[in-house]
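Once you scroll down, you'll see the structures, which are given as structure tokens.
Both of the next two complexes hold subunit A, though its partner changes from subunit B to subunit C.
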Partner chain A sequence: MRRWLIAALVLLLGKLRRRRALPPGPPPREPDRKAENATFVLLFLSMLASAAFVVLYVANPDTQFLGLAVGFALLALAAACAVAAKRVVPEVQGEEPRPQLLHVDDQEETLAALRQGGEGVSRKRFFLLMGGGAAGLLGTALLAPALSCGPDASRVLTRSPWHRGRRLVTERNEPIVADGIVPGELLTAFPEGARKEQLASPVVVVRVRPDELDLPEERKAWAPDGLLAYSKICTHAGCAVSEYRYPLHDPTAPGPALVCPCHYSTFSVTNGGNLIFGPAGRPLPQLPLEIDGDGHLVAAGDFSGRIGPSWWGVRRG
Partner chain B sequence: MRLLLAAVVVLALASSAQATGDPQRGRELFRTGCQSCHGVDARGIRGTAPSLHGAGAAAADFYLSTGRMPLDAPKRQPDRTEPPFNRQAIDDLVAYIGSLGGPPVPQVDVARGDLAEGQRLFAENCAACHQIAGRGGVMAGAYVPTLLKATPRQIVEAARIGPYVMPVFSKEQLSDTELASIARYVEYAKNPENPGGWELFDIGPVPEGMVSWLIGLLALLLVIRVLGKQEAP
Partner chain C sequence: MIRGAVGFLDERLGAAPLLKKTLKYVFPDHWTFMLGEIALYAFVILVGTGIYLTFFFKPSYAHVIYHGEYAPLRGHEVTKAYESTLQLSFGTKGGLLLRQTHHWAANVFVAAIVVHLLRILYTGAFRKPRDLNVFVGATLLAIAVFEGYAGYSLPDDLLSGMGLAIGYAVMMSIPIAGAWLAALVWGGEFPGGGVFESRLYITHVLIVPIVMAVLISIHLGIIVRQKHTQFPGPGRTERNVVGSRLWPSYALRATSLLLATAGVLFLLGGLVQINPIWLYGPYHPWEATNGAQPDWYVGWLIGALRLMPSLEIHAFGYTLVPNAFFGGALFPLIVFTLIYAWPAIERRITGDHARHELLDRPRDAPWRTATVSAFFSWVAIVFLAGSQDQVALHFHFSYVGLIWFFRVASIAVPVLVFFIVRRAARELAATELHPFRLDG
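Moving on to the complex of A and B:
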């Protein structure tokens, strides 16, 4: 706190000092109106692109157009800066041959030369307004995605559509026949009637030989006939766990595991999704399964732990 | 009439070419080439190599025609090599393993597949490991082979049997037509159309992105240099 106060004080003093105006001198140079206008146009274009980003983000968040808008805003701003630096603000190189300034006249001369740097620009206020506007709008555009992280976000992330008795369906909304899944196959399934885009919706279903299973005591009933389901969302960074390593012959190949293609987090299938390799910090949540009277797969409850990527505070189950 | 007869003969030859293997000769070959690991009568040796009863002709044709078997060291990942057996010997061995039960060698008609559909399915089901360009890569615990040399038949066989650590794709997951589409896409990816420019060995979007980054950075450096150049006083 004290440090901040001191910093504020120093800033204030600096501002007061700058108030002491330099003595007036002759206007040294004609402003380059053409370059100034070009700068204004570029700054205006940058503002338009930034505003377009915000509008697009709210109305139709297509990443291609969002990228184009923000890219164009940055490009126009950069071009405006380049034109201003090259053409609007005069560059004067001065040498000071004197060892010291003893005479008042010399001092005035030097001050006048110093002021030249800022004097060759007309409409300085407008410049400040346009530059500030462009930078401000760009800042707004970059902050716009924060709209998506309302107070609701954590609830959306953790809400699970799974409950006891909910049927599993394929991508084409067909119920899954338990006997149709062969060992070595990786099937992506969703809860019947729920939104597939929801983070907790997709699961992967695999079948192993029942004698291969090594589940903890409380999960013994979760894998009927060796059928297992795990969340498809990696607990590391939230990628889709889309690789399945299923050895044909265990003694000569690594064990069955689900692998995330992003950072190679590898989760064992047979012992409840524990991590074998990779950066993930916790096991893949398991979904208990049942087979209903028609031979279709249904959920027998909710996940064994929290689904989705890990962030602060979410390291365990 | 003569033409018809000739056609019939050609057809008969073609269909018999699919199954010219002699299981008896295959059994002899098995004894000398495979038995030391797969055991007497292909019953397998615990800890060394699996039983081949129920493996099927599809698996035998895949492993033998890609030269993955015979394997010089049983613990090693089977890699693609020049097959040591000639086609006739492979057919004989396939006939023998096929006689022990299991899925037959699949028939593939690449022309029935749809290229665009194939690319979509490949991206969804295969690209996570084999890369969208089909050039292979690595995976936790195994190398992923390139598909450059794989024939359509080998691709369909691999999908159905799931060799080494590759998962199985059953008919419910990918139908025969869908697999034909995938095989067609792989055929295309071996020699993709180039609208122009430098194809960068067709190894996919990552190196292409790298190159555009490098070019972009160079261009930025040039701009910085031009802007920062001081005019002579």
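Moving on to the complex of A and C:
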């Protein structure tokens, strides 16, 4: 009996000792010396590049070299991390359970708790209505000052600096000699003394042969000697109508036209700014012209319609 | 020392269980999961470089005479916004590098989000319970496009001004309230007086970034709560998630991707010129340039504005809905509504209301793959139409002819794509070939 006990004890202790000596699980990983060395080299290169960035910044801050240095420092560090991730440290795979998302009992308890809050309260709907009304009106009241951000649109959009007798000037504020404009040329003009940045200010002036003109009856007098002026702001999206398509050898192209380079709305010059092609929904407004006693261009009135991009309720003509 | 730090945090915050869980968090391994990560890292770069830019940029339309390093513009009257951007580019050490890196990061940010969205749509990752996160993600995409537009609109160069003019026109075109809204935002008529530039600036550098940071946190928080989707495979079920644990290998890989993204962006910022505003010149409402190409992510809106035929809803000689509304507002509204509604639409069509944690390979859902491809090709055709003036110029095609080609293509190509892709997906599913590998 005693011998058996001793034998069992020896076995047990031996097992324990063996267990201590050889822990369970996979054998420890062998370090990958090569990969470690590669990581060190990359880290060192990154340091060099970062140092180079600082030196360049102080000595010769050329954008290309700065970009190369910091880009290389980051990429070398990225490569170091990648090598370390793949070859130096262990890749530990794992599995996790997903969370339970549907909790029917808790849903019920939530609803019960919500209901409990309304116990013994009469006219609940009316409370909700009144509470909602108070919150909504308070929100409206607090948002109202946002209206100070801008003026009433109807006041700004109808402003125009053009009126009968106002002289046209160039970007350098020089008056425009009517005889100086040749067919095929596109000139940008502004009302004398007005703010040029205002959308209603800039116009394009072009000359066509008087026999090319095909203006509506009431605009026959708007183009003295074949000189025409149109708002330079496209009625589609507000870009500057800055291109002029003037056929040099007829009949290779349809008549002279103004083109907006943003979305290529194309307006006829000869018939009063009507759309030939493109997305714009209404014609380019025309400015009636006159030539004053000094031979300078002056406006004979305001535009034929509202200038600039369209909005709800703008007159189309 | 690490033992001390863990002990310190645990004794004060009870942080050990959370730390343990975080280190053991499981990420499924698939390269497509890196797309969203790249977007996240680009955002980090954007915030970092953007903070630097705010130290130099002056958001003001006040006029000054330029006397800086860039000789061709010396003596010209420009705005402070334009001048300070030039000064930042030419008169500040490292300024141009940071500015260009910021701009490149914006382009990469939106691109990464779009490709990430395609992964979500193609693999069915949008199904319950992740339909919730589609709302957050799609909103982030919309805001990212707006934020990029606001950013390149700040320097007040010719390209910014033209973009803002179009934005103003699109806002004006909104039915009923448009003109009133535009007057509120611009503080009057375009190009706006003293207030608009500073409003745009605070929107770009503070309000929108905060909204984005909050949405990104929600986006990631939902992922942590629901855990990642995974492709089917041995040992992978609807109930578990199998992959690499965060510590140590995955953390290093993610860091590597962050650094690589930053590295590529800084190389681009240093070596590849972007948005050279000194070549565009300062903005004036009466000036425009031909062939101006803004950042790629607004191309689909320009294309839509160009393709739209001359149509306005009008009555009694008065315009009601101007043309710019259709391409500039209605088109993006439809595109985003489709993205938001897609999880619900698919649920309705398939009758599948179950929770899905395993992804589909695109070929295993031919109908969905074909629909997503058709949708994407539709937007892509309109996007290509945004640069058709360049095509017309370089290949000597008629611009009018191109417009008609793209108008037809925007309707015909999605239909064709639907049938071709559906067929291809079915073939691939039947043969188990790999589309890009000859050996299968």
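Miscellaneous remarks
One rule holds in what follows: the second predicted complex is superposed on the first by the 164 of 317 C-alpha atoms of A that agree within 3 Å, B and C clash if a C-alpha of one lies under 4 Å from a C-alpha of the other, contacts with A are read in each partner's own complex, and residues count from 1 in each chain.
The criterion applied here is as follows: a residue touches a chain if its C-beta (ideal position, glycine included) is under 8 Å from a C-beta of that chain, and two chains touch if they have at least 3 such contacts.
Remember, it's a predicted structure, so these values are computed and weren't measured experimentally.
In the superposition on chain A, A:Ala135 makes contact with neither subunit B nor subunit C.
When the two complexes are overlaid on their common chain A, residue A:Gly180 makes contact with subunit B while staying clear of subunit C. Touch counts on subunit A: comparing subunit C and subunit B, the chain ahead is C.
By the touch criterion stated above, A:Ala113 is placed in contact with neither subunit B nor subunit C.
Contacts of A:Phe277 after superposition: both subunit B and subunit C are touched.
Of the two partner chains, both subunit B and subunit C are touched by A:Ala85. In the superposition on chain A, A:Leu215 makes contact with neither subunit B nor subunit C. In the superposed pair of complexes, A:Ala257 makes contact with subunit B only, with no contact to subunit C. Contacts of A:Pro247 after superposition on the shared chain: subunit B is touched, whereas subunit C is not. The interface of subunit A with subunit B overlaps its interface with subunit C at residues 82, 85-86, 91, 93, 242-243, 261, 264, 277-278. In the complex of the two chains, the subunit A residues touching subunit C come out as 57, 61, 63-68, 70-75, 77-82, 84-86, 89-99, 101-102, 146-147, 149-154, 156-157, 159, 188, 190, 196-199, 201-202, 232-233, 236-243, 260-265, 275, 277-282, 308-317. Residues 82, 85-86, 91, 93, 180-187, 242-249, 251-254, 257, 259, 261, 264, 266, 276-278 of subunit A touch subunit B in their complex. Chain contact summary for the complex, subunit B toward subunit A: residues 46-50, 74-75, 77, 128-129, 139-142, 161-170, 172-173, 223, 227, 230-231, 233.
Within the complex formed with subunit A, the subunit C residues making contact are 24-26, 93-94, 96-97, 100-101, 129, 162, 165-166, 168-170, 172-180, 182-191, 195, 199, 225-227, 235, 238-245, 247-250, 252-253, 255-260, 262-264, 266-271, 284-292, 302, 305-306, 308-312, 314, 317-324, 327-328, 355, 357, 389, 399-400, 403.
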